[in-house]
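As structure tokens, here come the structures.
In the two assemblies presented below, chain A is common to both, partnered first by chain B and then by chain C.
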Partner chain A sequence: MEFVQSVLRGDRLALSRLLSCVENDVPEGRLALDALFPYTGKAHLIGVTGAPGTGKSSLVNQLALQIRKKEKRVAIVAVDPSSPFTGGAVLGDRVRMRDLAGDSGVFIRSMASRGSLGGLAAATAAVTQVFDAAGFEVILIETVGAGQSEVDIARLAHTTIVVEAPGLGDDIQAIKAGILEIADILVINKADRPGVETTERSLRTMLELAHPVRKVFRHHGQMMELNDGVVPQEGLWIPPVQRTVATDGRGVPELLESIERHVAHLRANGDWMRRERARLQAEFDLLLQEALVSRFLAKIPPSKVEGMLQLIQERRISPREAVYQLLEN
Partner chain B sequence: MPERKIRVLVAKPGLDGHDRGAKVVARALRDAGMEVVYTGLRQTPEMIAEAALQEDVDVVGLSILSGAHMALVPRVLELLKANGQEHVRVFVGGIIPDEDVPRLKEMGVTGVYGPGAPTEQIIADIRAALPSVTV
Partner chain C sequence: MEFVQSVLRGDRLALSRLLSCVENDVPEGRLALDALFPYTGKAHLIGVTGAPGTGKSSLVNQLALQIRKKEKRVAIVAVDPSSPFTGGAVLGDRVRMRDLAGDSGVFIRSMASRGSLGGLAAATAAVTQVFDAAGFEVILIETVGAGQSEVDIARLAHTTIVVEAPGLGDDIQAIKAGILEIADILVINKADRPGVETTERSLRTMLELAHPVRKVFRHHGQMMELNDGVVPQEGLWIPPVQRTVATDGRGVPELLESIERHVAHLRANGDWMRRERARLQAEFDLLLQEALVSRFLAKIPPSKVEGMLQLIQERRISPREAVYQLLEN
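Up next, the complex of A and B:
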């Protein structure tokens, strides 16, 4: 595989073409992923999610600038929605990332969601694996920003940042419920705008409901309390709330500190390994299912499956019974 | 399910004002089923070539209203080639005097369009230039 060797050597054109092969799920891409797999597992994956227009791309731009000061190589995967009608897409996140132009330690790749609904594209995880193998130490992933509970990103990333902005009104309340649960760090961007205090207050209230901040426990027969900011013994992570101004970078060094604290926390309590393991197992399970299904279907005539579907539709047999019968003979 | 989409970079080099035309074209290409990477205003040829490389596009569309096309276009073509992307098709839209059109095409530009050009024409020309890519 000349591709793989070139990518490992740092050839940017080869990397870019390989990303396309992986995104398009062609055999060349799959083989390359196999060959690159031993080189993966080193990168820190940071997800950036939040409602449309909250400033995700601008924040990714600032974060990348800040991370580059530490000499780490940064890859950015920015996902935008595909049109459900035409399959086309306008991928506009780069507009906010022009500060990163000309830096060979940065590689930005835009992806269309291509029908996936969870905020990422089906191939986003594979694309991050390629960047990981190619030696990018930090991978920033910007989701579509549908504002719904985007569990996909929480599953893929080590650290998930949820971006909010003041003045989005009351509809934001509905968004928060689902999305707060996936946040490792909450950012109130556009902190230069009026209404930051209100947004921060309501976020903190919601957070307390999701993660009890005050740990009350009994000690020598007395009620004791662990206060806000104290990391309890069992190593609970309480998502910090941080203000940023992504247009000029205010608050971004502090945000990066929180990110680093989160990584240290994940590593110290074993969550890094556990997340990794859960992610790999999910990937393995999915591939196993796909392989078993296609191997099984290859062995029986399509007419038989068709016949079963007919019986199901006529309500003469339940789907579960049909599967059982197919497997048994 | 393998999928292959035409990928297009739409860029606005030079220092002139607005990008309405570029945005109209970007949306039309999206509606034709293409994936369009939009980079915004004031792109240098270096930024355009770098984005084309990172995004592995098939097509670069340049919107130029400033009259600087005879300087900007050859530079973009040169950089694409230096990056190993001579296969990328370049289209130019904007205010281009008639006599410059053949010169741009000689340099390697695939299509040149004035401000009133129908987007259907641009779409058809892109498809014709990339027969191996289906949308």
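Up next, the complex of A and C:
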């Protein structure tokens, strides 16, 4: 496929076209993904997540600039749930463009949420693969939200960065607790604002309570000092807490150092391979699911499924029994 | 099943036990769901969603109190992503308990996010069915977050309420645009705070741009006045914007009136049945998927799948090709 060769050669126009094919899941895109697959597995995938108002986009922007200083090519995948049905996310792009425009070592792609279950996760995984094959060494995957989408990122990324900011609403507290469990690095952005001490204190308290750290404690049978980025004997990573001011870039070089320490840690203890494997397995599971359903539905007349749905709606058969009966035939 | 009979009789302890079975997806829970299915389809499902800091939980609390005044039984399902991996959500419960404790017409259930794709949506749907069968006439489903989880609620609920508040962060703007598309009713909570006018103005502007309303405009070929809750000739619903102060209950009776108007609208134009059907179809699709995958995997030796995953990890075969080869055998 000439198309694929162009992408591998670094043709930005071909890359852009391919990303659209892949995002829209057209046959051409699927074939290209297969052809590109042998070239994947080299990029470092970094997930950046956090609640609205934390300044994630600016931070991702600054991170990209910082990574560019090291002569690495960077792709940004902005997963923006701003429009679950029709697509969107132009706002953030315009802000980014000011600083990163014209740099051929940077490629930015915004993705809108899909209505279908798992659709966005699958599309993000596919787009990430294309960037990986196209030779982008670092891929920053940014999402807004709280919940499932973060879990999906955690599955996709090698390094997950959770961004906080001082003085956000009251619900934020509740969200932190769970998100901490997927964080490899915690960032307090807007660290020039009042309340940064309180935010850091509460983050550290929650960090002590968070699952992975508790495990360390239990193993030692005694309390352990929480030193940033220190890797305990068991090879567990304790998420460091970094302060940044994304608007002027303060703290971003230090954040990049933490990221590099995390990569070294993952490679040293085998977690890099394990995360890689988990990610590929998730993709395999999803594709298997899709294939089984479409093959099954191709074998039975649509009227039969329709009839079952009618019986379900009339409450004469439960959805589970309907599935059972269809499979028995 | 005695268990199921107890739930149908209104035994709260049996209900609580059954909810746990269903949430954990144990065989006993699945059988009970089948047995209860004929008794479902009566409840009005109301989704309440919005960004952190909007005061959703207090609003849901107030709504429940208001609905109780009409002698209807209310269940609250708080889908809390605060802990994607270990469960949580006790915080919100304690707040609620103060006002609603001791009222046997109210049942509150908190659910934590599941790590598995679609897991939480499926569990929430199941819990909702149990409440429906147990005779709760209104079920309030509350979620935090922005993105996929909202789309899943929209699928589950008859009425979706999106909660905003004045003076939240800058990213909020971006989220609104998409969430508006799933909103049946918009609420500006904390309406006693400064900035409420600005919030309402920007909501109304976005509402005018939102998809369903644009369709109305196009159909008429001219601009239409946006009157709250007015149902245009085509039977389309224009989401009203309501102001509330959940801390003291202001605006909540009016919100309930909007909800009741929405139900009447759904029933009149056939959307109630259509939403019901879409919801049951989604559940059927999910169960079919699960059943097909587990049956398929039961037929092939695990070593074969393992081998494929190994080849994928070595980049010698793409996930899609691996699935294809497994299915061809």
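As a working rule, the second predicted complex is superposed on the first by the 268 of 329 C-alpha atoms of A that agree within 3 Å, B and C clash if a C-alpha of one lies under 4 Å from a C-alpha of the other, contacts with A are read in each partner's own complex, and residues count from 1 in each chain.
By definition in this document, contacts are C-beta pairs under 8 Å (C-beta built on N, C-alpha and C of every residue); 3 or more make two chains touch, one makes a residue touch a chain.
Keep in mind that what you see is a predicted model, and the values were worked out from it rather than measured.
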Exercise. Which partner does A:S20 reach: the first (chain B), the second (chain C), both, or neither?
Worked result: first
For this session: Quick one: name whichever of chain B and chain C touches more residues of chain A.
Result: C
Exercise. In the superposed arrangement, does A:T40 touch chain B (first), chain C (second), both or neither?
Worked result: second
Exercise. Touching A:R201, do we find chain B (first), chain C (second), both, or neither?
Worked result: neither
Exercise. After superposition on the shared chain, which partner residues are touched by A:R9: those of chain B (first), chain C (second), both, or neither?
Worked result: neither
For this session: Could you say whether A:K304 touches chain B, chain C, both of them, or neither, answering first, second, both or neither?
Result: neither
Exercise. Across the two complexes, what residues of chain A are contacted by chain B and by chain C?
Worked result: 82-83, 86, 88-89, 91-92, 112
Exercise. Residues of chain C touching chain A in their complex?
Worked result: 30, 33-34, 37-41, 51-54, 56-57, 80-86, 88-89, 91-92, 112-113, 115, 117-118, 120-121, 143-152, 168-179, 181-182, 211, 273, 276-277, 280-281, 283-289, 291-293, 295-296, 308-309, 312-313, 315-324, 326-327
Problem set entry | For the chain A and chain B complex, residues of the former touching the latter | 12-13, 16-17, 19-20, 24-26, 82-83, 86-92, 94-95, 98, 101-102, 107-110, 112, 114
For this session: Spell out the part of chain B that touches chain A in their complex, as residue ranges.
Result: 1-5, 7, 26-27, 29-40, 43-44, 46-47, 50-51, 53-56, 83-85, 135
